[in-house]
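There are two complexes below, and they share chain A, which is joined by chain B in the first and by chain C in the second.
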Partner chain A sequence: MIAALLVMIGIAVFLGAVLGFSAIKFKVQGNPLVDKIDAVLPQTQCGQCGYPGCKPYAEAIAKGEAEINKCPPGGEEGIRKLADLLGKEFIPFGEGAAPKAKSVAFIDENICIGCTLCIQACPVDAIAGAAKQMHTIIASECTGCELCIAPCPVDCISMLPIGEDITNWKWRYPVFPIRATI
Partner chain B sequence: MTEYLLILVSTVFVNNIVMVKILGLCPFMGVSKKLEAAVGMGAATTFVLTLGSGASYLIQHYLLGPDLAYLTTLSFIVVIAGIVQFTEMVVQKTSPALYQVLGIYLPLITTNCAVLGIPLLNVQAKHDFMESLLFGFGGALGFTLVMVLFAGIRERLEGADVPGIFKGSAIAMVTAGLMSLAFMGFSGLVK
Partner chain C sequence: MKAAFKFHGGVHPPTHKTESTGTPIAQAALPSKLVIPLHQHVGARAKPVVQVGEHVLKGQTIGQPEGRLSSTVHAPTSGTVSAIDLQLVAHHSGLPDLCITLIPDGKDEWIAHSGVDYKQTPHTELRHLLRQAGVVGLGGAVFPSDVKAYSNKHKIKTMVLNGAECEPYITCDDLLMRERASDILRGAEVLRELLYAEEVLIGIEDNKPEAIAAMRQAVIDDRHEHMQVIAVPTVYPSGGAKQLMRILTGIEVAAGVRSTEKGLQCFNVATAYSAWRAIAHGEPLLSRIVTVTGNVECAQNFEVLLGTPVGELVAQAGSRPDTDKYIMGGPMMGVQLPAATVGITKAANCIIASSPALFPPPLPALPCIRCTRCAEVCPAELQPQDLYWFAKANNFGKAQEFHLFDCIECGACAYVCPSHIPLVNYYRYAKSEIWAREQESQAAEVARERHEYRQFRIEREKQEKAEKLAQKEKAAAVAKAEAAQTPVATPLDPNADPDDTMQLRINAALARAKEQAAAAHPKNTEALTPQQQAEIAEADARRAQAHEMALSDAERKNE
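Up next is the complex of A and B:
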């Protein structure tokens, strides 16, 4: 009994030592900057920046291939954080990239033909439905990325701005207009 | 020397681990869609299996002996899990592309029953150290051979005009069955 325990503990300790050593020896030098940038990005994976997701965009920023003002879901706040992180100047959103009023997609169910193309396009699985069945957007899951609008063959998806009501109102972030006083 | 050669031929062709012993089917079906992934998986499994059968022989022979034989399976699993972790680190360091391609199947080598099966068969057949190593290496070679063949066939099947109900996994299963039949033809090659 004792021998069995000792043998198993011995094996475990030996393997642990080998693995611990090789974890240091074979450590993968990931780019820490990419991870930091990725942490600032909103992780909606919407692709509005022109990259297939937040991580590829973060990699492009880290390489210096992309500007920091291409992430509408992050808002101006996001650009400010990225500018702070990278020691760059704040640049406003480019033409057409500015964040629109927060909105959710809406499917006109009279027109929908149930082709499932929008379901495949949705990055957050916010569309319920099946082939030849009417589709519906789960409003609470929708990030408003607009990726479902382009594939729809019958143009039955529209973006509805979310009005502010008692269920989704929240305090604004405080804004200190420092520049304005100069 | 001929004995070692016989072990190799026997494990690669006659007693092929996948086609004849029907072990390790998960990666066989899972990672055989692309040829490069199949080669990578074969290489990783070869590394793990050779190291694993050597290490488990040492453990079985010097650490456990006949008194603690009931710990065989348990300790083999622990050792194999350790070696797979080690392999994963090495692959991640040396070939990030392969690491991406293998994905979940790399840690799943741990639960590849071929990797546990061969050390246990070694114990059963009372192989010595060299024979165990060769048995593991040969088994892994056979695994790689079958993976590569099967991946090649599947890549061609992509372009073939397969009847609707046979598309995808079904035709892959049929192909695997036919390959297994073909490997039966090797029986009797080594007496």
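Up next is the complex of A and C:
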């Protein structure tokens, strides 16, 4: 009887130790759901969702504090992906939050005074320049978040939509008439 | 010798080849201008290296390759550069691309050029010559040949020379093989040497008996030991690289596997020919054979300078008034040209003048009845009806699962479809959507990394600033305390070894520094107005406050 109890206690202690050890050893850093949501978001870091970047928005969604339709750069497809991921219903964009055409910032270098305010605002370090030196956008890194436009004291930054050329042209969805049944 | 193997599926569209094989290759007349696209090859666009108004000689480089996968563009004749701007090009999008417009001066004056003996030249040098000569795959894929003629990790056993020319209407390779077989084989020999291949299998469809005979004769005449001409059955698309490899060797190159991993490499006959001209004669790729056929008076093959406007070329074959559009390439895979001003490119093997009578508009599409005739003819052994279904529903993940990217867009499925569904358009749509998404997610990944690094950097800078300030404050406090304690020169460290001159010197230097610090006085502080005094006091107070804040900050951190 006592032997059996001891054996059971021994097993319980051993398994408890294993569980305790693995809880420390294999601890998951951060919330994996946040990373999954963050992976769906377009990483423009524009703050149009009301959060200071994509990660904070992902955290807010994971906590259930934010709706999934707050990210215009992600487009409707982004909402659909988030809805799929979270098992929620698709919600359309709210008023005035419709996605815009993709664009990149452009600095008019004749007007730029080299104040570095836009450099400080750029969330992805896509502006090159230094104090009292002309600034310029590294177009390939620009996410089109528009965060540099507001701080510019001389309004020398404008957003240029990315036009279609041979390198980024896409085949259209085939549209053709289907004959009416005879 | 006959081919021993077969590939799955294939179709037998009317070949329409005899129209253009009756006359030998003619030299096309010098056009009034040449519109030379800078992106005629797979890879990065060539960079223009001439100025508007500059006079260039025939064979002079006008576009320099950029990056590893790129090719050179040359002036096809001597003349003056009249523009470097966006012009319509042969592309499905109908969008313009950067082109150099050249007005020929009629002298056709060559730049100095000479060939090399390929047997005496190192392989890297030969590859460089091919790149400098702008030699790319002339079968239509226009992949830079210098990149292909290189086998590093994978030993190439068999080099396939593609003379199948399976697409209807096109006869440029046929005529080239009939008339210039020995140069083709010499070029193939150079490419074989570059690859260290053991054998060269030349596949030619059996509807070209003259070409087969000419090539066989040339193999015998020039004593090419490693070469073998094999007649392959006429079935579309036997000229696809993987399909021809399968026919000639029986080796199937699986999905996602490169043919080089299976010891195979494939070149077009025209590529071999231009490689020979480049190596042995130093002539860059300036012209190519183009079949002009369809709705013309006299269909035939021309040797055409690259950049020749399609309209001017077709006029030489006698254009008919009811021609409503031009197709570059064959009827199965060709590109409909946006205008007759588009210049001939390295990929242009054929120009078909089209009329409503010749190519009536496609019949309206009916719903798919899942008859699977497309699956029966698909040379890539795919399930086109399923791919169509997924592409139509924008279910791209599933389309990829069904190996969408193995589709070679040959058009056999659409050709047999009883519902006239433009199947290939769906596959192209799905492919380009998937590529665009791939690019977007890569861009997002880069943006995420940059953003995270920026946040890390800002945090680090903040910390560094605080630490620096705290250290300064500490040092100042220590100095103050020491100055109050010992106004005299620091005595020598009692523990210091008197013989250790280094320690002595350090101590002496410390003492000197302290003296200097004590002697330093703020300058220009005499004769200050009371207002200035007040300002200074205010600034001092602010500074003290900042120091205090930083100190307490650092202390809090230490805790």
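Convention: the second predicted complex is superposed on the first by the 140 of 182 C-alpha atoms of A that agree within 3 Å, B and C clash if a C-alpha of one lies under 4 Å from a C-alpha of the other, contacts with A are read in each partner's own complex, and residues count from 1 in each chain.
Note that a contact is a pair of C-beta atoms (placed from the backbone, for glycine too) under 8 Å apart; a residue touches a chain by one contact, two chains touch by 3 or more.
Given the structure is predicted, the values throughout are model-derived calculations rather than measurements.
Of the two partner chains, chain B is the only one touched by A:A12; chain C is not. Within the superposed three-chain model, A:T44 lies in touch with chain C and out of touch with chain B [touch as defined at top]. When the shared chain is aligned, chain B comes close enough to touch A:A3, but chain C does not.
In the superposed model, C is the one of chain B and chain C that contacts more residues of chain A. Of the two partner chains, chain C is the only one that A:R172 touches; chain B does not reach it. Contacts of A:T143 after superposition on the shared chain: chain C is touched, whereas chain B is not.
By the touch criterion defined above, A:A23 lies against chain B but remains apart from chain C after alignment on the C-alpha atoms of chain A.
Across the complex, chain A meets chain B through its residues 3-4, 7-8, 10-12, 15, 18-19, 22-23, 26-28.
Interface residues of chain C facing chain A in the complex, by the touch rule stated above, are 39, 89, 91-93, 95, 97, 362, 364-367, 422, 425-426, 428-429, 431-433, 436, 440, 443-448, 450-451, 453-454. Within the complex formed with chain C, the chain A residues making contact are 38, 41-45, 53-54, 123-126, 141, 143, 164-166, 168-174, 176-179. Note for the complex: chain B touches chain A at residues 59, 63-64, 67-68, 70-71, 74-75, 78-79, 82, 85-86, 89-90, 92-93, 96.
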